[in-house]
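Report on one structure; see the data block that follows.
Labels for the chains are A, B and C, by order of writing; each one numbers its residues from 1.
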């Protein structure tokens, strides 16, 4: 069989077409990103700048004109003992909450991935704390922790753990109030943590767990030597995100205690809201809230480092 | 410690089987027990809410009464009060349409952005991704002060539309991150095939990629909606007229007059809002988990 | 050294909708290398996992060393398993991987390390002990998986397609190493694969599975020469056995036994004209594709002519081919395609 040698006319180099496509890609990328970027600059970056400006001004609800005030707001804030109390409370609130959220979240995640009848209903019930608007669930807790009518007290009285007519001042006593606020916040966030951790658990290849089983590892050894190390990146990232969220959250505090009793549960963001909106001292509120940012930035650097280590590892 | 007893004799083997059956049964019981405890701990307050919504005042305002049963006959009065004497329906409606709009806006902004960052390799993709992450760090509790000025400036103060304008700042960064994870897990061949078939990059995106990233979109929809419905601080700061409020601020405002709490109606509102959202969320939970998995594994 | 016995095993999934294992009886003798061979979905991996204890049977029993182990978890069965993906613990070093099973039983540290070094030495991976799995090649990972299995000194090795993740070039040498490894260790091994070349090369006996049932068990030669049904006949051998329909039966003969008539012994041979379609040249053999008639319905067949047979054949012509009677196999044409007694063909 002979092979015919056909004259293959040289096709024009595809440069122009390629450049067109690449151009489109570059243009496309811009078009796709611009709306989000513009929106975020307009509604986050600029207001952020504005907040910084406020912090150095004397703007208030009564006097909305912008006058430079230097560091006055900051010194005033620092002179206020409530500021320092709020700062401390914020750390306590965040630290203790996160420990419990991660712990309970992990346990709940394990329960949710287990196989049992009625899993759908349990999941539904377990999601309720997170999917409910925080304002509403916190109001429910207001009654549940009420000094007179608390059903929890009632149960404790029935169990004999509380004397007849006795009351726990869940929201009235400083130490208890802080614990209550932490407890409600934890109750609210554990379902979300569980869902995220569930994703991490599910991502572990089944093979590895089975190999550990065959190798002779019992439940606890598998949990601590195989499962947890492999979920640790997810735990770390979500813990840091959760910490950031908790650090800046004020919803539970505001509804349950308004920062009381005597600022025992006041956190920086609720204090900023109180001063800025309730009190009308916009500049002062801004200065207080701004204090959150360096701490958040440090946390951000922390998260990015962890994420990078995960990607490399 | 000696190795697990291996079956060295028939009797030992039988004993071993019994031991493991016992352990297995104990484990099953343990799981069910844990599931029940956990479900009660999380949903207990809602159970209590549901009962309380129908309690008579004299039943409720008696610390000696069992809060979990009806000591006096149940009454629907407080629940009807919620619908007739408050603007609960308005609140719910506002929450719904604000939620839907915010979700749509979020998707329209976040999906292309995520695609651009995940797929269209530009040198500035990396830094921009980090920038988006940093945006998440600027919290509402910091921005609400200046944002209320912006809202006033745009003339949207005291309007529900202010929330439509502002909520995407919360939902877009997270959604971009989520969608990037989903997109990275879709093989490039699919778009390349579409482009070979004659579609432009944009066409390939719309026809080939969007259908595949659908679970991610579902996850974003659910997540964005729940974030929006739950949002508290912005709506508190921006909106005062009740008919412009959402459930999150409207219910507390109208059912708490000074020191007087309309507890039963409040509980009714809580349950009525919580159940549908949790139900829908649960339906999409599997898809939601897939989103996080994709994000975590691919980075 | 143990005997593994599978008795009347049934495994169903999805509430009885999927019959993964449909009544299997099998034994593996002391020190034997038993291969479970079959196409994907035939149940071979499920069978292996049930023996391991990773799946509970719906009915039937597993016995190891004459003790019923059904109901016992994997760690109580003194078995070791190598997974298709090797399932190495990604966050642990190679040494930590190998030592893990020994820690699980509470062995003392020195003894553990000694055993680990012994296993590593046997597989030639001493230099890799400090590395993590992601730093290893496919072949190295496989050896680590084997070392981890070996170190427990199990009664049975269970291997789930351990070569399928290696590239083709590596597979042949890896197969070699596996065989000599098992010869040296002498432990009873059950090996799952879908690759018949692997099976024929490695197994002392092969169990061919399809649709959850064992079609035939026997040494490789027997499986090849004496298939029990049409499934085995066509699954084994490349190209597969030719089958021609005739009166409710199937007449089978392997391509290498279908030769030009002049190259087949004249005593008791069956002639058939072959209308040649095309000829392929593969590694010195000629593969002749065409259609035969006369011995049954018209059928497409392949003839494999070794280089020693240089009878000229060309495409488009019809040439008389023949198969010696001793090479003919007869099967029932029904669903199961079981082997039947030879039929006189009278051609």
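Following the convention adopted for this analysis, a residue touches a chain if its C-beta (ideal position, glycine included) is under 8 Å from a C-beta of that chain, and two chains touch if they have at least 3 such contacts.
Nothing here was measured: the structure is a model prediction, and the numbers come from that model.
Novice: Just the chain pair, please, that has the highest number of C-beta contacts.
Specialist: If you count contacting C-beta pairs, the leading pair is A-B.
Novice: What chain lies farthest away from chain A once each centre is taken as the mean of the Cα atoms?
Specialist: Between chain A and the rest, the longest centre separation is with C.
Novice: How many angstrom between the C-alpha centroids of chain C and chain B?
Specialist: Centre separation, chain B to chain C: 51 Å.
Novice: Would you kindly tell me how far, in whole Å, the mean C-alpha position of chain B lies from that of chain A?
Specialist: Taking the mean C-alpha position of each chain, the two centres sit 13 Å apart.
Novice: Which positions in chain B touch two or more other chains at once?
Specialist: Counting only residues that touch two or more other chains, chain B contributes 3-4.
Novice: Give me the residue numbers in chain C that touch at least two other chains, ranges are fine.
Specialist: Each of 73, 75, 105 in chain C touches at least two other chains.
Novice: Multi-chain contacts only, two chains or more: what residues does chain A have there?
Specialist: Touching at least two other chains: 216.
Novice: Looking at the complex, which residues from chain B come into contact with chain A?
Specialist: That would be residues 3-4, 27-28, 31-32, 34-35, 38-39, 41-43, 45-46, 48-49, 52, 60-61, 63, 65-68, 108-110, 112-113, 115-117, 120, 122, 128, 130, 132-150, 165-166, 168-169, 172-173, 176, 200-202, 226, 229-233, 236-237, 247-249, 251-252, 256, 261, 263, 266-267, 269-270, 273-275, 277-279, 281-282, 285, 288-293, 296-297, 299 of chain B.
Novice: Which residues, counting only chain C, touch chain A once they are in their complex?
Specialist: For chain C paired with chain A, touching residues are 52-54, 73-75, 79-81, 83-85, 87-91, 100-101, 104-105, 148, 152.
Novice: For a test of understanding, state which residues of chain A touch chain C in their complex under the given definition.
Specialist: 205, 207-208, 210-218, 221, 225-226, 229-230
Novice: State the interface residues of chain C toward chain B in the complex, per the touch definition above.
Specialist: These residues of chain C touch chain B: 64-73, 75-76, 78, 105-107.
Novice: Could you pull out which chain A residues touch chain B in their complex?
Specialist: 21, 24-26, 28-29, 31-33, 35-37, 39-40, 43-44, 46-48, 50-51, 54, 107-108, 111, 114, 116, 118-137, 139-144, 148-149, 151, 153-154, 187, 190-191, 195-196, 198-200, 202-203, 216, 219, 233-234, 237, 244-245, 247-251, 255, 268-269, 272-273, 276-277, 282, 285-286, 289-290, 292-293, 296-297, 299-300, 303-304, 307, 310-311
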